[in-house]
Structures are given as C-alpha cells and as structure tokens.
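Structure below; questions to follow.
Chain nomenclature is as follows: A, B and C, assigned in order of appearance, with residue numbering initiated at 1 for each chain independently.
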C-alpha cells in the first residue's frame, strides 16, 4: 500500500529526517508517535506531498510518489487545526474538493449526505465552522476527508485541540470509523495513550529517525531501546544505571550504586556501563521476613497516590515507582523492601539498545 | 490654559461629568459649524436662481423677487408691495419706472396705470427652489457624460486595483520563490514615487501607448499601488497556511485557492482598499487633467474645473454641478459612514 | 419554491459573474502551475502588478532622468538635444537665494518658498488641530459617531469641489463678507490679496484633510489600554501630567506617522489651491507642483526637461521624508 525507503529530508545543510523505512499494509491503522519536534508531522506531510522528499523513495501502491503533487496522490489529510474554510458552510466545506475534481453534482450530493449521516452532521450542513463546537468541527474535518474516498487517511494530531473527555469519545469514534471504512489510516500524535489504544502498529520517532516499528504490546513488552521503553507505557518505566559485574549463561549482573547487584536476562561485556528498566507494575513489594528472593531493593516511601483501584508509591534513593493493585497500607516515610523480578527487568547497553532475552 | 489642559486630558471611562466635557462638546459643535456649514451653504445656494445669487446680503433660503403675469402684458412683471401712500398694503405689478416714479398695474384690474413713488415700493419675495439649475445642467451640458466617465473610471480602476494587488499580495504572503523579497522591497520603494514626480514621463508613455484622451490612460498608471499590496499582504499573512494546504489536498489549483479561499477571506482588507481606491479615483485631478484634454472624456472634477473657467459668471450652474459632483460621495458616506471611518482608521494604525 | 429576495438574487448573480470570470483563467493558470513547480507559480501572480509598476513607475523615473538632461520642447526623448545639467543650472541660478526675483527661474523659487511656508503652517496647525479633535472625540457621550463623521466628511470630497465650496463662501459678495458687514466690519476680496489668499489656501487644505489625520490619531488614542489610565488615577496623577506623561508618549507612534504623512502630502500641494486661487494673485500661492504642471503642460512652449528636473528635486525631498517615515514606522527593538 505505502512503502517508505530510506526517506530523508534536509533543509539546506540541516538534516531533519533520515533513513526512514517501513511498509504500511492496506487497511492498517498506523500511528506515528514521538515527542514534539521528532519529525512525525514532517513525515506525514512528506507522505501527503506538502513537503518535498530530499532522499529516498515514497511509494504508493507500488508507484514512486516523490514527485506526484499532493492533490494527485489520492490521500486525505485531517489537519490539527482542522483548516475548515471559515467562509463556507459545512456542506460547502465537504463539497469543495469534489467540485475541484469536477465530480457530477448528484454524486457530490450523495457522498456529502452519506458522510454527514456517518458523522451525525446532517443537521449542521448549513452552518459555518464558527458556529460549531470543537468536536463538531473535528467531525466536519473528517467528513471532508471521507467524501474524497481517499486511498489513505492521514491525521495530524487531530484530537489535540479537544478537551480530555471529548478526546476519549473521538478516539472511540475514529476506531469505529476505521473498522467501518477499512481504509488505511496514518495518525500522528505525541500522546502514547492514543497510540497504544488506536494503532494496529506504532512507529516511534525521535529526532527524525525511526526508533521502533511494531504492534502496541510488542513495543510495550519488547522495547528496542531505552527511549522506546521510556516513551511507551504510563506510568513510565523505572531506570537504574550501573555497570556490569558478571555476565554468563544468559544472565547479567549489574551493580547499582547504593542498591547492590541486580540480575537480568541478557548478555553484556563485564565492566561496561548498563542500565536496567522495570515497569512500575512489575515492581513487587516483599512482605517483611520473606528473605531469599533475588533483586531486593530497600527504599524509603517519598510519596503515595491512592486511586482506589491502584496505588502509586514512589521510593526515594533509589528513585523507583511502584504500581500496586488495589489499596495499600504503606505510609509516607516507611522503609520498605521491594523486589525486581528478573523476568521483567529489561537490560540496556551503554548505547541504550535493549539486550535480547533468550 | 488650564481649561485647555483639562479638555486635552479628560477621556472616556470617567463617571462624573464636569465642565471639560462641556468644553469639548463646545469645541466639537464649533467644528461642526466650520466643517459642515460651507457644504450646507453650497447646497442652499445651488437652489437659487441667478438673480437670487446676486443679492447682497445673501439669504440662506432661495428667496427671489416674485413675478406675476398680467393680462395684456407680455411675459411676467415684478411684483411689488406698496409700503406707503393711499394704496399701502396692496401688491402691484411694476410696468416700468421712470425716474423716481413707477408705473404700476393692479393684476386684478390691469386696465389702469397707477403712478407710485419708487421709495414706497418694496419687491415681494417668495421662496423658489430653482431646480432648473439642475435640469438645465443635464439638458444643456453633457453632465451625464462626465458622470459616466467618472463612474466608469472609478469602477474599472477599482476592480483592476483589487484584482492585481490582491494577486501580488497573495504571492508575496503565501509562496516562497527566489526573488520574492526583492519584489516586495521594490514595491515598497515605489511608495517614494508619488504620481506628481512622474507626471511628465507618464504622459510620454501614455502618448506612446495611444492612451491620451482615453479613460484607460487615467486608469492604468494608478492601479498598482504599493499601499494596496502592503495592506493586503499584511492581512493575508494572518490567514493560516493550513487552509491553503487543505485546499491543495482538496485538489484546488493555485488559482482556485486564490479566488475561492484567499480572496473571500481577505474581504475586510479588500473593502478598505476598495474605499481608498474609490476615493482616489473619484477625486483624482492632476493626472486626468494632464492625460485628458478633450472635453468628451472629462471626468466630473475636470468638467467642474473647466466650467469654473468658462462659467465664471454663471455661478448657478457651477454650484449645481458642484452639488451633483459631491452628491454620490455624500450618499455613499451616509450609508457606509461607520465602515469607512473604521476601515481607514484600522489601515492607518498599521 | 419561493422567489429569492432581490438583494439575494443580485448577490447571487454577482457571485456567478465573478466566478465565471475567474474560471476563465483557470485553464491558463493550471498550465502555468504545471510548468512552474513549487513556489515559482508566485511569479505569475506578481507579474501583472509588477508590469504596471515597471511601466508607470520604474520606467518613468529613468525617463525623468533623460528628460532632465535634455532640452527643447519635443516629447519623444530621441528628438531632444542633450544639454547635460543645463536644466538644473537654470533652475538653481540665483543672484540672491533669499530673493526669488533675482533667479533665472523666479517662478520655481517662488514655488519653493511658498511650498516651504505652506508646509510649515499647514502641517503644524493641521496636526495640532487633529490632535485636539481626536482628544475631544475620544470621550464618552452621545453623538461621537456623528461628530467623527462630520470631521471626516471633507476628506471624501474632490479637491475641485472643496475649492469651489470655499470660493463661493469667500467671493466678494459671498456669505463671509455678508457676515462681516452684518457685524460692521469691512468686507475683503479674500482671494485677491496675497496674504489673505495664502491664509485661505492653508485654511482650506487643513479643512479638507484634517479629518483623515484625526481618524488615525483617534484610533491611536483608542488603542491605549484603559488600565494605564486607571493606574494613573490610582496614583492621583493630575490631568496635565497625565496628558504629558501617559497619553502623549503612548500616542507618539501614531503622531509621528501622521506628521510624516502630512508632510509628504503637503509638499505635493496642488489640486485644491490651484482651483481656489490659480496660484495667484501674482505668484503668492504658486507651489512647486504647480510649477511642474505649468512648465510641462500648461504653457505655450512645453518645457518637459525643466519640469522633469524640478520633479527630480521634489523627488529628493519626498525620498528623504519617506525614508524618515519607514524609519519611524519600524517598531523599536
């Protein structure tokens, strides 16, 4: 459907995008995610044709698309700002693109009506964008894309201007829309929750390069590097830095200053710097007296957040976040012992690359 | 001094009224007299007959000596009021006067001539709006021709101005191309070249292009205005680029983006430029005077100017024509007063 | 189906006409777009404007130079003999620069001195009056819109109309003299006396233009945030001080713009005074632009070279003023 091969972009001598390669299969929901400034919007605009490609190939349906003008690529983009034409009614907004293609009038009518029905906009067709709420504008922007019947839908942070509640609602609606239309969708966001909940596959970008491509849980369970591990998942993964004291038979021991040796799966050269990662929900509290377990860490409770269904405990020295299911009787200032189960400890080398677990 | 100070410094938002409010009101009322009375005086005078115009001291309303038709006498005779003598209070028609005695006729009984001393007679005045000033103007002079020339020049010039200035402003605000900044700087530099400077060469160019005595000779030189380009460009910079990219994704050609998206969204700035352009064109004087020298192509101001040379003694026509010239502007101003003043104020601040 | 309202029908018809006209250009513009990739299509949009500028602004400046350096009375440059700086030398030749009558081109120097005097008086009084008017208008109260409109109205009038209105008021048997006689004062031939004619030239041009500057200053006043005044009121600032230390400094950018705009326009004074007085009596109200117009177009022997030379001298003054304006208009960093 869509293939990117070593795509790069430079402005003058400044390189903002390099060696981006991945494939998108027909009907897939792909999410580009990354911190702001990572180039995800630029990449989307390059796929659209709104930005030029200075290196590599973008292929749509097997054809090189680098020099095809935006309008002729058969894609539709939903802008972050919606970019609705303020002087046109909702109906005119949706019809404008088809009019430009000299689509016959009855056909335009049919498609606009259908999109309006699908998006529950029937009663708003005569209104101007300024007379609509944020959510309604969002739906019009989507409707404008739908009537074009594009090969690929592109969304540029479409929910970032909505309030939290509406965002959750629109997320579900978009997912439903994707199921119904079964069209390829590419979606850009900086919000990893949106990425996790909506994507078939996620492309994690940082500083103009792809960090990892994979299904949400794949990224969650097997992050390729420390960046992805830290970016995906909420609350964030804990990291502990130290150096390797032993590594044999698929097990590596890392000495963490002030904590002691921690064992993890994976192999690294003895003496090198390494870091360990563990998700807060995997850190387990150890009842007093239950000695003998590996990877024990002792720390003082620096803060507690009780949400009822879960409790977040923060230890100081070493800084470590715990997520405990249900409620807890741990108190501020308590000294507690936790364990880091080796099967859940991620091992990263001094470059931040994750070490494969055998 | 302190009175002036108070007036200068008081401003909106104060609750208590004090004498500075009255001072400013007095100033404004005086201003209204100075600004508006001359115009009012023109309107009133334009309704006077030639005869009434020559009266001194002048009256505000068009009073003029009444005349009366007397049976048996050709034409009309002046009507006089008798102020003294046995016939005091009667109104009689004056047949002629010889020395200090006038020969009068009673319009009701015209058979007998009544001799009355001239000092006992006073002309009877009546209000008479001399609409013939206007109708003659239309009948005897080519008023509608001049009016049409002015309308045509104003309309065409404004349309062309809006079109080409907005096109240039669109390119300068929404595209990046080599030389764009140079083009913009060049256009701004022409702010320094007002039409008075290039009067002579423009006449040569107009002559070369066979535009002398053609309305196009008036129109073309002024349609590319740096003010217009600048005003529109600044406004268009505020239109989000997203809209243009959305239109591009919507398969709109660049031309269609210009006239379907950018032009409608620039309507407020276009309106301001349109007001300016209409003002410039309707009142333009020096350049039309240079390039038009056949009276059939004259604009209203030119016709008016040449009339004031030719009709120096015929003020009644001159005044009527002046009124007709300022009437369209006045009517438009009455309706669009608010938007015109606000539009110009907003353009002036930038 | 109900018939649409006439206004709506008109709008729709105008819209259709506009759309139709614009669509005519669709095909050629598409073609241009296909040929010019990227932003270069921008050139196509700039070209109409730029060609008019080129033909009627840039080219004329060059021709001005050619004219100024050639003599004779032929219009077409090719037929004009080269005279070098003779035109400029003739314009600038004076035995005593303080006395225009000792100059070869005495009319030019009368124009220069009259224009200088006019600029100082007209701009000074007009900007002052505009400021006072703007301050008076910038107060609460009913009818401010009406007052603003009345002060602005003359701006819309053609200079010829303005001149004729005042000519009618000022004529020998006009309303002004009638008022003076009624007050027991002697009537005057206002426009036949050098001093009074000059005074009325200044007065009439202020009358015609001050509304424009008042409007700009009023907008400037209204842009001053109210909380600044409220803060001043909390500090018990006396009125004169409030004007000097708050209003005036905050209004200064608008005031400078107004000042320079008024200067640029005043230097080019011609239309209304020319109709009002014809430059007379004598040369008492003859200004620079009138000299250019008369020398180039209104005399028996048209001296294009002399007119062009005077234009270039005027251009120098205007250029200096415009540079000043751009300097002032640029926000301080």
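Operating definition for what follows: a contact is a pair of C-beta atoms (placed from the backbone, for glycine too) under 8 Å apart; a residue touches a chain by one contact, two chains touch by 3 or more.
Remember, it's a predicted structure, so these values are computed and weren't measured experimentally.
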item: Overall pattern in which the protein chains touch one another (line/ring/star/complete/other); value: line
item: Chain nearest the overall Cα centroid; value: C
item: Most remote chain, CA-based centroid, reference being subunit A; value: B
item: CA centroid of subunit B to CA centroid of subunit C, Å; value: 17
item: Separation of mean Cα positions, subunit B and subunit A [Å, integer]; value: 66
item: For subunit A paired with subunit C, centre-to-centre distance based on mean C-alpha positions, whole Å; value: 61
item: Residues of subunit C touching at least two other chains; value: 38
item: Per-residue overlap in subunit A, given as positions that touch at least 2 other chains; value: none
item: Touching two or more other chains - residue numbers and ranges from subunit B; value: 253, 256
item: Residues of subunit B touching subunit A in the complex; value: 240, 242-243, 245-253, 256, 260-261, 264-265
item: Of all residues in subunit B, those that touch subunit C in their complex; value: 2, 5-14, 21, 24-25, 27-28, 31-32, 34-36, 38-39, 41-42, 45, 54, 56-58, 163-165, 167-168, 170-172, 174-180, 183, 186-188, 190-194, 196-205, 207, 220-224, 229, 253-256, 258-259, 279, 282-283, 285-286, 289-290, 300-302, 304-305, 308, 315, 318-319, 322, 325-326, 329-330, 333, 337-338, 340-341, 344-346, 348-349
item: Of all residues in subunit C, those that touch subunit B in their complex; value: 22, 25-26, 29-30, 33, 38-46, 48-50, 52-53, 55-64, 67, 75-77, 132-133, 135-141, 145, 147-161, 164-169, 173-175, 178, 181-182, 207, 211-212, 215-216, 218-221, 223, 226, 229-230, 239-240, 242-243, 247, 254, 257, 264, 268, 270-271, 275, 289, 292-293, 296-297, 304, 307-308, 311-312, 314-315, 318-319, 322-323, 326
item: Residue ranges of subunit A in contact with subunit B within the complex; value: 48, 50, 70-72, 75-77, 79-81, 83-87, 96-97, 100-101, 144, 148
